[in-house]
Amino acid sequence: MGDVILDARGARAWLELLAGTLSEHAGELTALDAAIGDADHGSNMDRGFKAVRQKALNQDGADPAAIFKQTGMALISTVGGAGGPLYGTFFLRMAQAAPGKEQLTVEDLRDMLKAGLEGVVQRGKASPGEKTMVDALGPAVEALDAAIAAGKGGEEALQEAADAAERGARATIPMVARKGRASYLGERSAGHQDPGATSSALLVRTLAQSVG
Amino acid sequence: MKKLINQVDDIVSEALQGMLVAHPDLIEINLDPKYVVRKGAPVQGKVALVSGGGSGHEPMHGGFVGHGMLDGACAGEVFTSPTPDQIYECTKRVAGDRGVVHIVKNYTGDVLNFEMAAELAQGDGIEVQAVVINDDVAVQDSLYTAGRRGVGATVLAEKIAGARAEEGGSLSEVADDVKRVNEESRSMGMALTSCTVPANGSPTFELADDEMEIGIGIHGEPGRERVKLEPADRIVDRLLEPVLSDLPFTSGDRVLAFVNGMGGTPQIELYIAMRRVGAALSEAGLRLERTLIGSYITSLEMAGLSITLLRLDDEMIRLWDAPVLTTGLRWGM
Amino acid sequence: MKKLINQVDDIVSEALQGMLVAHPDLIEINLDPKYVVRKGAPVQGKVALVSGGGSGHEPMHGGFVGHGMLDGACAGEVFTSPTPDQIYECTKRVAGDRGVVHIVKNYTGDVLNFEMAAELAQGDGIEVQAVVINDDVAVQDSLYTAGRRGVGATVLAEKIAGARAEEGGSLSEVADDVKRVNEESRSMGMALTSCTVPANGSPTFELADDEMEIGIGIHGEPGRERVKLEPADRIVDRLLEPVLSDLPFTSGDRVLAFVNGMGGTPQIELYIAMRRVGAALSEAGLRLERTLIGSYITSLEMAGLSITLLRLDDEMIRLWDAPVLTTGLRWGM
Amino acid sequence: MGDVILDARGARAWLELLAGTLSEHAGELTALDAAIGDADHGSNMDRGFKAVRQKALNQDGADPAAIFKQTGMALISTVGGAGGPLYGTFFLRMAQAAPGKEQLTVEDLRDMLKAGLEGVVQRGKASPGEKTMVDALGPAVEALDAAIAAGKGGEEALQEAADAAERGARATIPMVARKGRASYLGERSAGHQDPGATSSALLVRTLAQSVG
């Protein structure tokens, strides 16, 4: 197994960075949602991660899984909409994949992200190509897997995952939505980047920036 | 953005406080998490009805809490489904000894959050039956979408099932009423103007001065098509056609026609639409037995309307006519 | 101009026809001249109440026709007082054996047309007492103006005097109730946006994105002042201050607070305002005994609100609480 | 007494011309009313004179007074607002001033206009300078009186009346309204021409154009 790349402090740093990044990008995410949804994804995520900051990040001593569990709970109880239960489930499942472990390797993170993704798919029933956050998270997990298999280091592997998530998010532009609110638009949903895939790419990118 | 608000973050909570100032005799509110319940809840010996959804659709749902309708309503942020803990707490608060029916509008967020809440409540031993409302015929190809949205039928289902619960119906009877109203209802809406979600600050969509959006959703989700503005009668026909042909409603059917304003529509325009609805239904051989007209399921200040038709039978008429005492709908008491 | 209409000239007549489609159990309509009367009018043994005014203020007045409120309502063109013959015909149609009270909002046009109608009806031997409503404190210096406008108090007067008539009050008793409600009421309104009179086709006034008009009239008449947009609480205080100090309302007074939407105001914003009204009244030592909240006297699709306070006594409360069955206001039956 | 300058045909021609003129100027009158009132004066007058055309002008044989009476009745029953009863009263009183007379001299017309003005004042209680139609009709009647006293011919006298009415209408611009809806504006009513005075000036101008 590889080196430790994330501990409780690192997990907190990641979530802090993610919270700040989502806050910065809130307007952009909401604008994406206005085009094919109901114009709230940015403010939803921002509200959720403000709560994460308050409820999950200002306590000492927990292990990463415990922090992710609190994160999931905070998101579930403050975000609402589709994003709330989906991202909430994502973090709860991440937590369940490595309970109690204080030091995470890149393989741990891969397992956690994979579990998180499975949780999202189980709850939301989205397949790849349906223009959802799955289209960013899926490629990220695959790229991470491949990079690990190719023997790359944790930081590099996560950079590649983040790149893949961003490519995945961009790849939602031509897609016709089949899940969530954007699906009501039918063909008219094509030509716009999915807001959830976009926030997912930010999630993976900030994780890559926080490990090491 | 021009709105009569203080802080964007406080909109829902302050509105609930204002509801309490206005109606202390009818409701109780909870602010953390946010919900409205019928005064004196829980009512023992009665199935409880809980609904909820994003705010901005007033009077739905808080305005339908009271005798003969809902026991509890969960108010999400503007246009954002409420959270599982919110729905769970509200469910616990109103649950009597005969179980709880969740009335859920078919939006991914609403469905997921209500699902999680029902699991939590069931974990506490509360019997919950959830029914999803999906009456919006604007959404075609429901195989390739998240399915049809829940719109106007929600109001009718809450009224009719609420009456059943009030007269002592069982959990499955009440849930069945919700299902039946949903099955027998079809709706379609249109918009002349967009609305502005306060947290966003600018209109969700832009419509040219001579355009309208047909098949709009109640969150400003784009509709079926964008076309040139037309006379009211023609617009009504455009909405009625898919509504009538979908169920389909056929000659001799008895119906309730619900002409709903989206929030910014003057009543005079709703009545102009109702005039055509009356004429068109009689041309189609339908019997207009009951009407509901007004702004009951809105999209903030959007100008536009939706039409819902419900096929009635004697039992539904009886339940529709039963007394109701809520801030949004009231008769017989 | 974006409106759900057919022809501008047909707006009022088609809206009346739509009202009849929606409420055949409650009202009857006449199209030439245009008025709405209570189903089964005239009611013998009861003083009849007639009001009217320009259209565009719905549900006022046609929406207040029915048991416990008005017997007849004359609908003028949009924002234009009805004509004498219209009021005269309506008066004849509803007059029973105990006379007719005319409830007239204080606008030159309304006053002149009702005056001429009353003369015509009196010529026919119908006893008519007219009472003018002028509760709008936005109009200062009433010596140098056409006097204060009639706004929100009209709704309250129609309800309270209507209850008196229903329980058998005499012509002068009913007229006195209208006068008393008018004397004990004060109102003030504001607008965030203009409205568009259909025959005109463009907004009556322009407001910048960060401006509001304080003291607006219900026809889009400019108000006291145009100021920068402020938080809802501050706006409520701005409206309440002149309302409270004018009567003046004093500590210990029991009041009804009426928060009225101008037509395009989402309910959630009215409730945010009601929250502050509740707090401000209790700061002033007033006792909030009754509330009315909703869009009851509107200006087409204008966004904004008005606040009316009525000082109550036991008798007014009793009459306010009495059953009413109209399309716009309904309780107790 | 002077020459005959208006008979039934002339009266009809005047009212036709006035109806057409008001229709042409409806937008302008409504715009004036939007500035200091409720944006309906033009459409009110247009609706009223359409009714005058239908109800008063397509019958033969009546004398001018009878035509004016029908005109007044038509206005009263179709215009509404302040304009309806005021202009209605104006024409009813004109009719009462020369009942049954088939041929009108300029003196008859002066008497009729004066009676009409008095009716308006009686109903509306407006004094000169309060920014109403009285500020156009008043000067018109005065100018007519003066021109007749100066021995001018009927056509010339009515031209002077029309000029005076127009000057009177323009003179309402700086006035602060004290009657009607514009009075609610207080000082802010200054700087706008009164819509009713403007329609009154059209009334006198078209009369001047129709005599002879």
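A, B, C and D are the chain letters, set down in written order, and residue numbers restart from 1 in every chain.
Methods note: contacts are C-beta pairs under 8 Å (C-beta built on N, C-alpha and C of every residue); 3 or more make two chains touch, one makes a residue touch a chain.
Everything numeric here is computed off the predicted structure, so don't read it as measured data.
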Touching subunit A and also subunit B, the following chains: none
Averaged-CA centre spacing for the pair subunit C and subunit A, given as whole angstrom: 55
Geometric centre distance via CA averages, subunit D-subunit A, whole Å: 75
Separation of mean Cα positions, subunit C and subunit B [Å, integer]: 29
Sequence positions of subunit C contacting 2 or more other chains: 78
Category of the chain touch graph - line, ring, star, complete, other: line
Chains that touch, pairwise: A-B, B-C, C-D
Touch list for subunit A against partner subunit B, complex: 30, 34, 36-40, 42-44, 47, 76-86, 123-124, 177-181, 183-186, 188
Touching residues on subunit C, where the partner in the complex is subunit D: 33, 54, 76-86, 107-109, 112-113, 115-116, 138-141, 144-146, 149, 197, 199-200, 204-205, 217, 219-222
Of all residues in subunit B, those that touch subunit C in their complex: 2-7, 11-12, 14-19, 21-23, 55-56, 58-59, 63, 78, 192-193, 209, 212, 229, 231-233, 235, 259, 263-278, 288, 291, 293, 295, 298, 300-301, 303-305, 330-333
